[in-house]
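Listed below are the structures to be examined.
Each of the next two complexes has chain A plus one other chain: chain B in the first, chain C in the second.
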Partner chain A sequence: MRGTMKNKSPMSKISSAITEIQRIEDLQKRDQWLNRIHPLVKLACTCFYIVCLVSFHPYDIQGVLSMGLYPLILFMAGDLSITDCLRRVRIVLPLVCLIGLFNPIFDRTPMLLFGFVVRAGFVSMLTLILKGVFAVLSSYILIASTSIENLCYAMSLLHLPGILITEILLIYRYVGLLLSETERITQAYSLRAPGQKGVHFKVWGSLAGQLLLRSMDRANDVFDSMSLRGYSSDFRYIKQYVRWRPSDIIYLALWCAVFLFLRNFPLLLLVGSLFI
Partner chain B sequence: MGQIEIRNLTFAYKKGADILKDISLSVAPNESVGLVGANGAGKSTLLKVLVGLNMGFSGSVMIDSVPVEKKTLAGIRQKTGYVFQDSDSQLFMTTVGEDVAFGPRNYGLSESEVRARTDAALAETGITHLKDRTIMKLSGGEKKLASIATILSMEPEILLLDEPSITLDPRNRRNIINILNRIQATKIIASHDLDMIMDICSRTILMAGGKIIADGPTDQILRDRELLEGNSLELPLRLQSGSR
Partner chain C sequence: MHMADALVAPAVAGTMYLCSAGAATYSVKKVRDMADPKKIPVMGIMGAFVFATQMINFTIPGTGSSGHLCGGMLLTGLLGPCGAFLTMISVLLIQCLLFADGGLLALGCNVCNMAFYGCFIGALIWRLFMKGGMTRGKIIAASIVGSVVTLQMGAFSVVIETLASGITELPFTAFLLAMQPIHLAIGTVEGLITAAVLSFVYSARPELLYCSDTSASENRLSVGKTLAIIGVCAALIGGGLSLFASSYPDGLEWSVERITGSTELDAEGSIYEAAGSVQETTSLLPDYAFKGSESAAGTSFSGIVGGAIVALVCIGGCTAFRFYKKAQTA
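Coming up: the complex of A and B.
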């Protein structure tokens, strides 16, 4: 019996994962207006957007659809590629779509949607999917325009616990370590298990344990290395690069107003009524 | 500056199992000191004490007359660069350039100063062409050079290097020797590569079992076959071939 942990060309998988991280970091470093907005403003805006988004009634698909305005505008104005985004979040999207899959089975109440009679469960499923997709897209916009250090700095301004912020920052830094340790372990295994297509399930436990211990060891060294080069969780170095500007306040106020409007007024119906 | 003063230093990871035992030594500014000894002699532990990675020691450790304590660590680490034995532990950013810039940026330098220091450190180590290279795609020698560059960009007054020539091919090893000889700073190099110590350090400290066994001019210590062999070491290769 063989497990599903395939060790087929682990190097290429790890390399492509690292390349992907680097591409996201390249996006974060662009000199775009969206990247220059204060990280706290972008974080607050994204959080408020998600709160407004999830607060829609399960049957209010038109309201949820109108919330697509935010990612749509930012993708266009921020010069972000929707294709790249969908490729990067392709693992998450099926999970998002799975939410509410059984709603049409359990909720058979008939209701009207865009002139068609459909099951209410079908509408709530679509609403859930849209909510999930929009939440993922808005998070992607935040990540693609804000470095992890700036994001953590924004969290520190919100007085989130320092240990939590440091954890988030270090997890990001340790992804590479984890990948390279995984590569070493799987290579060492495959060299001593020729002909096997995967890692035998009997050694999954010891391999995972080794991976954890080695990663912890190296993570400790990396933290030491960061500390020796002046890292501290107070983000004092970011303070001189990231400054408040009037446009940040305007950006936040504007989007909050838009979200509140979309939350309380049916934009699609209002637009539709102009043509009918 | 770059002066180190250690008095009666004793350190243990676990109570009752001292790794460093009553060590006293002083290193003058711009002095190059080789730290040699068998595995487990306490070389790396001593270097880590100097930068405050190993705290909870007894005795006193002073860097430029400032005691190594929790509250003084930020200042001490700004002037003391530590190069890890394993380069993978040293490098954590995505690209070489970002990693080299990490230290200066953390210490609040302006972006133009950060860029200037990054470029200078990369040029000094001869890896300017690797600036945008992903860390994962570097060879062992390139990683070691990048590790040294990450420290040079902080312009340290004291440089502590743990086995800088380990896993390097002869060309990269010679390259690192040349770089270290060019750098004007106090240097303490822990290594088993006694030939490299002879090329860089004017003074050598021999450690065994957490104690200083000998401390003196490199030429004197590393030519003492009896002393070296009595402490699980051998004469440097160049002296071995010369004696045949």
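Coming up: the complex of A and C.
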């Protein structure tokens, strides 16, 4: 469910989506130490990080700030671009900011923040925004270093239903293809309707409907070709390529210990007290 | 309406994951029972189709703005509730991972807000309209009503989940007033686009639509089963979330406290005393806890018992009303 007031042209929006998918796939294919870590370990680590992150009290801005260590270290050690990732934050931030903006209005309790007296609502708003940004950064680390196939393998280890995993793999496999087809259709339409913003209501049904019918036919072709290649309602995941290594366990244990420490001890205050 | 991780508390996220997992387990079982090997690839391609077409801007006449396709209702109209639900879960997960649209922790909430209502409640509305045969008018009506109703329910859930997570100071009413009207407009536009696409499919290939033939009954989700799912969700929310219920006064108590200095008003007189003693004797779980106990288990138990009592009262009331109407017409 997206907003109704987006003015970005459909062509550029679809192109940027295709580019984004290709860019992430390139990142996933890199031969980096982060990419070689077991997918289940990275998935568990990300989930535990997000749970610890969102469980901080709304006024505990120092605690939330200390949780920035995880993305900071992995972005630097994993050679990931923070600017590429921050573009993704623009999707999350509007709703988070909209909800957080009301906190300073309704919560006017005075509070001390880094030596300044501010409204408690302002602190909770900042905490909320930081939580939103850090959660996006951690998800980005996961997806930039783990392919969808590997993630699906990790989910299969968690005993998620095979149908659901197959669905995710199929959608991911065909989303690029259908995005390209949709781009061609909208490009052809916009060339025949210059200066027109969006698709005219008279062709709403036929434009998307034609694509839908073609997609349905494509699904049948896909099924036939899958059956010819021995498809039996289940995919064989890439088990042979993913192996457990002792370093995976160390990685998970280390980060879990760090998250628990950051969650229970005010790291920033402890470090600050050493110098003041 | 995709919720970010920052907007949910772990307890709320966990509860919503449990609710979504329940519906997903049911859907997986139903899709497996269908034993239709073609169903899986069709669901996969349709998921990709929804993903792609959500990026097309459809111009809204006379406004200068544009709308998008409503994925849940469209998939329900084509795949039925269970297939559509599993497809929507996959779409939401990919959107979350690839485009940061929604969060990993908030996935359970997003599945409930967008997939559950769009698919299961949407299917109920679809079937209700398609009773006695499918027509173009019914498809249009079902698409619009389905999109509006399910979006309203989704928006309402966002409000509840965000407030239950305790991340906003926004009062319930103000938040509700901000969310519901905008989603009414979005739902109407998305419903119109969905109606246009499904009408086109109806004229070109009507056999592709859900409930277009007798086979639809295989994928049927009875009202009883839907009520059972909602009942389980209510028990989970009532029982699970009430453990984290705030000990602070609610809006009314807060207002009273501001005026009088106490959350409870002292009233004197024999009538008040008599009413108080009746209430004390009859209340099963005073202050949402077991009598003489203040344990969290009591609070949780009271949530479940409360849900059951409300459901019983509603069912009893409806049955009594039906008997009354029958007696009147006889």
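Throughout what follows, the second predicted complex is superposed on the first by the 197 of 276 C-alpha atoms of A that agree within 3 Å, B and C clash if a C-alpha of one lies under 4 Å from a C-alpha of the other, contacts with A are read in each partner's own complex, and residues count from 1 in each chain.
We adopt the following convention: contacts are C-beta pairs under 8 Å (C-beta built on N, C-alpha and C of every residue); 3 or more make two chains touch, one makes a residue touch a chain.
Note that the structure is predicted; figures quoted are calculated from it, not measured.
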Once chain A of both complexes is superposed, is A:230 in touch with chain B (first), chain C (second), both, or neither?
first
Go through the superposed model and pick first if A:19 touches only chain B, second if only chain C, both, or neither.
first
Touched partner set for A:222, first chain B, second chain C, both or neither
both
Partner touching more residues of chain A, whether chain B or chain C:
C
Touching A:86, do we find chain B (first), chain C (second), both, or neither?
neither
If we overlay the two complexes on their shared chain A, which of chain B and chain C does A:65 touch? Say first, second, both or neither.
neither
Contacts of A:132 with chain B and chain C, given as first, second, both or neither:
second
Scan A:97 for contacts with chain B and chain C and give back first, second, both or neither.
neither
Which partner does A:201 reach: the first (chain B), the second (chain C), both, or neither?
second
After the superposition on A, what does A:267 contact: first (chain B), second (chain C), both or neither?
neither
Chain A residues touched by both chain B and chain C?
14, 21, 173, 177, 218, 222, 226-227, 231
Sort out for me which residues of chain B touch chain A in the complex.
51, 53, 74, 77-78, 81-82, 84, 86, 88-92, 94-95, 98, 102-103, 105-108, 110-111, 134-137, 150, 154
As the complex stands, chain A meets chain B at residues 14-15, 18-19, 21-22, 25, 173, 176-177, 180, 218, 221-222, 224-232, 236-237, 240-241
Quick check on the complex: what are the chain C residues that touch chain A?
1-10, 13, 24-25, 28, 31-32, 37-38, 40-49, 51-61, 64-70, 78, 86-87, 89-91, 93-94, 96-101, 103-105, 114, 151, 154, 162, 166-171, 174, 183, 185-186, 189-190, 192-193, 196-197, 199-201, 204-205, 208
List of chain A residues in touch with chain C within their complex
1-7, 9-10, 13-14, 17, 20-21, 24, 46-47, 50-51, 53-55, 58, 88-89, 91-92, 95-96, 99-100, 102-103, 105-107, 121, 124, 128-129, 131-132, 135-136, 139-140, 142-143, 148, 151, 161, 163-164, 166-175, 177-179, 181-182, 186, 196-201, 204-213, 215-216, 218-220, 222-223, 226-227, 231, 233
